[in-house]
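Take a look at these structures.
You will see chain A twice below: alongside chain B first, and alongside chain C after that.
Entry: the complex of A and B
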């Protein structure tokens, strides 16, 4: 495949794979409750994600190590096992949320409650993992995720005030509901800076056999793919600010979010929302399941590759099999996927230092990166954003829980 | 909003009915919470009455969706909007006291 085609495909899959239930629900909540005021949180999260994804690809291309490989090798097993435990727990919550997102999308499209969909959906996700290859998961699901571009169409059709939109890119504090504002900001950051995305991306670079010649391609894909994906997130926020906020609708339930596009795209808006979310959550569920299996297999030194048949990496396949079916249990019991989503995103933000700080050490280690190690700009941007996320999480999560 | 959307034929019947049923349950929950510890200086009986009336209207609207009776649905929606204004007045009066 030519490099130009690889870049185009990489950018398209990044756009298609960017939105998932966490980014849509948090952006819709932000727009419905605070108008454009929280656009800055998406901007900050996406900026940080661009740097982190670029670093993940660079580490793999130069050192031929995934993040997990290198983390275990550099910091030893005791420290790695703590990171493994926390990251897998948080990723598991996000997986429950994504499977729930598929179920909720099917619920609004068919009228059949999401708990009924939990087992069939889990089975389909598992079957795609069992039978599929890495490129099917990376490209197939993400290409279907391009339906999410309809959010941008809806936002534009609602005629946003571009001046106010631009103003929202600068942080401002609300007059009241400070705890809610902080909690949504944290959830947006958690939804944007998902560590599972880094593990998935670096493992994908190894699966695709990247070498140093891929460094420029990696940079272009990370910058453009994530930026365009971030625009889609902002479009959801803008659409919610224009369609839901004037009616005083808070997005506490998925059913409310489904009304996001009915004002702008009356005839097909509702169905587009359902289909776009169905594919977006399916793509994310596949990526998270893979990321969790990669985490175990790479950390514990097992055979791993989505391109191998399950008989050749049995323990890798067993991990995703168990994780996917475990994730279905809370949904069968009727646990609200939206609550899981918000808690999952906030916890992701709170645990970011544990995932990112060791990664920054790796990215500055000449043994792994040589002349390609981080410069001061990458280090500063990522450190500042992670610090902001952590402080906001520590302050707003307890306040929000007490407030609820 | 879902009522308006249904009248414009932009949301399917099942989704509309389920969303209205969900709204009914949410209203019930809110009324329970509010009346357990009512804000001071509020006419609890009037608040209870308007919330009960709104809840009944929402339940009625869910049934009208089932019957595909758009004219009756539209009139219930107008009445619900009037109730919404009353609830908003309660909310504003509580906020002004704080």
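Entry: the complex of A and C
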């Protein structure tokens, strides 16, 4: 495959794979409750994600280590086991949310309640992992995720005020509802800066056998793919601000989020929302399941590759099999996927230092990166954003829990 | 070579390029007159969990005796079988003959191969 084609495919899959239930629900809530005021949180999250994704690819291309590989080696098993426990628990919550997102999308398309979809959906996700290859998961699911571009179409059709939109890119303090504002900002940051995405991306670079010649390609894919993906998140927020806020609709239910499409596209917006979210959540569920299995296999030194027959990496295959079916249980019991989503995103933000600080140490280690280690700009941007996310999470999560 | 930085927790690869696990611990021989030297690489849950807390190690030991391939004690690989120490540690052994892959094989035989599409029985022997 030529380099230009690889870049194009990488950018397209990044765009298609960017939105998932977390980014859509948090952006829709932000737009519905605060208009354009929280656009800065998406901008900040995406900026940080661009740096982190670029670093994940660079680490793999130069050192031939995935993040998890290097973390276990550099920090030893006792520290690694804490990261494993926390990251897997948070990623599991996010997986429940994504499977719930598929179920809710099917609910609005068919009228059959999401708990009935939990087992069939889990089975389909598992079967795609069991029989599929890495490129099927990376490219196939992400290409279907391009349906999410319809959010941008909806936002443009609602004729946003571009001046006010630009104002939203600068942080402002809210007049009231400070705890809610902080909690949504944290959830947006958690939805944007997903550590599982970094684990998935660095593992993908090893699966695709990247070497140092991929460093420029990696930089282009990370910058453009994540930026365009971020624009889609912003489009959801803008559409929600224009379609939901004037009617006083708060996004507590999935069906309410779907209304952000129906104002712009009255005839088929509702169903388009269902289809777009179905594929977006499917892609994310596949990526998270794989990321959790990668975490165990790489950290404990097992055979791993999505391209192998399951019996050749039996422990790796068993991990994703168990995780996917465990994630279906809360959904069968009727746990609200939207609540799981918001809690999952906020906890992701709160636990970011545990995932990112050791990663920054690795990215500055000459043993792994040599001359390709981080410069001060990457270190500063990531450290500042992680610090902001953590402080916001520590303040707003307890306030939000007490408030509700 | 620095043992903790360069050896402990490193990936182990056998002569067939199969991933055998990571270095859980090292056994050192300390003679009265000779210099201390590494004699074995240890792979296994018990040694690994001991690095966090002894009670976790005894739990891992009980589990290993009652369930799965029922192995008694961790796997030891003589240091003399180490070929290179670099990105990974390459060993001149066949992983499946050392016991390091007992769980991998047990799970493949007892669970994975019984699920359609899991792989042909005996495929891993090729």
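FYI, the second predicted complex is superposed on the first by the 404 of 404 C-alpha atoms of A that agree within 3 Å, B and C clash if a C-alpha of one lies under 4 Å from a C-alpha of the other, contacts with A are read in each partner's own complex, and residues count from 1 in each chain.
We adopt the following convention: a contact is a pair of C-beta atoms (placed from the backbone, for glycine too) under 8 Å apart; a residue touches a chain by one contact, two chains touch by 3 or more.
Computed from a predicted structure; not experimentally measured.
Visitor: Please indicate which partner A:269 is in contact with in the superposed arrangement: first for chain B, second for chain C, both, or neither.
Guide: first
Visitor: Which partner does A:247 reach: the first (chain B), the second (chain C), both, or neither?
Guide: A:247 sits against chain B, while chain C stays out of touch.
Visitor: Which partner does A:156 contact after superposing on A: first (chain B), second (chain C), both, neither?
Guide: Touch status of A:156: no partner.
Visitor: Could you look at A:76 and tell me whether it touches chain B, chain C, both or neither (first, second, both, neither)?
Guide: Once the two structures are laid over each other on A, A:76 reaches chain C alone.
Visitor: Quick one: chain B or chain C, who's touching more of chain A?
Guide: Touched residues of chain A are more numerous for C.
Visitor: Pick one for A:111: touches chain B only (first), chain C only (second), both, or neither.
Guide: first
Visitor: Just chain B (first), just chain C (second), both, or neither: which does A:65 touch?
Guide: In the superposition, A:65 contacts chain C only.
Visitor: Tell me the contact category for A:314 with respect to chain B and chain C: first, second, both or neither.
Guide: Second partner only, chain C.
Visitor: With both complexes overlaid on chain A, does A:255 touch chain B (first), chain C (second), both or neither?
Guide: first
Visitor: Both chain B and chain C contact which residues of chain A?
Guide: Touching chain B in the first complex and chain C in the second, no residue of chain A appears in both lists.
Visitor: Residues of chain C touching chain A in their complex?
Guide: 4, 8-12, 18-22, 24, 48, 51-52, 87, 103-105, 107-108, 111-113, 115, 117-120, 123-124
Visitor: For chain A, which residues count as touching chain B in their complex?
Guide: 107-108, 110-111, 244, 247, 249, 253, 255, 258-259, 262, 266-267, 269-270
Visitor: With touch defined as at the start, can you tell me which chain B residues reach chain A in the complex?
Guide: 1-2, 5, 8, 10-12, 14-15, 18-19, 22
Visitor: If you look only at chain A, which of its residues touch chain C in the complex?
Guide: Per the touch definition, chain A meets chain C at residues 63-65, 69, 72-73, 76-78, 80-81, 130-131, 300-304, 309-312, 314-315, 317-318.
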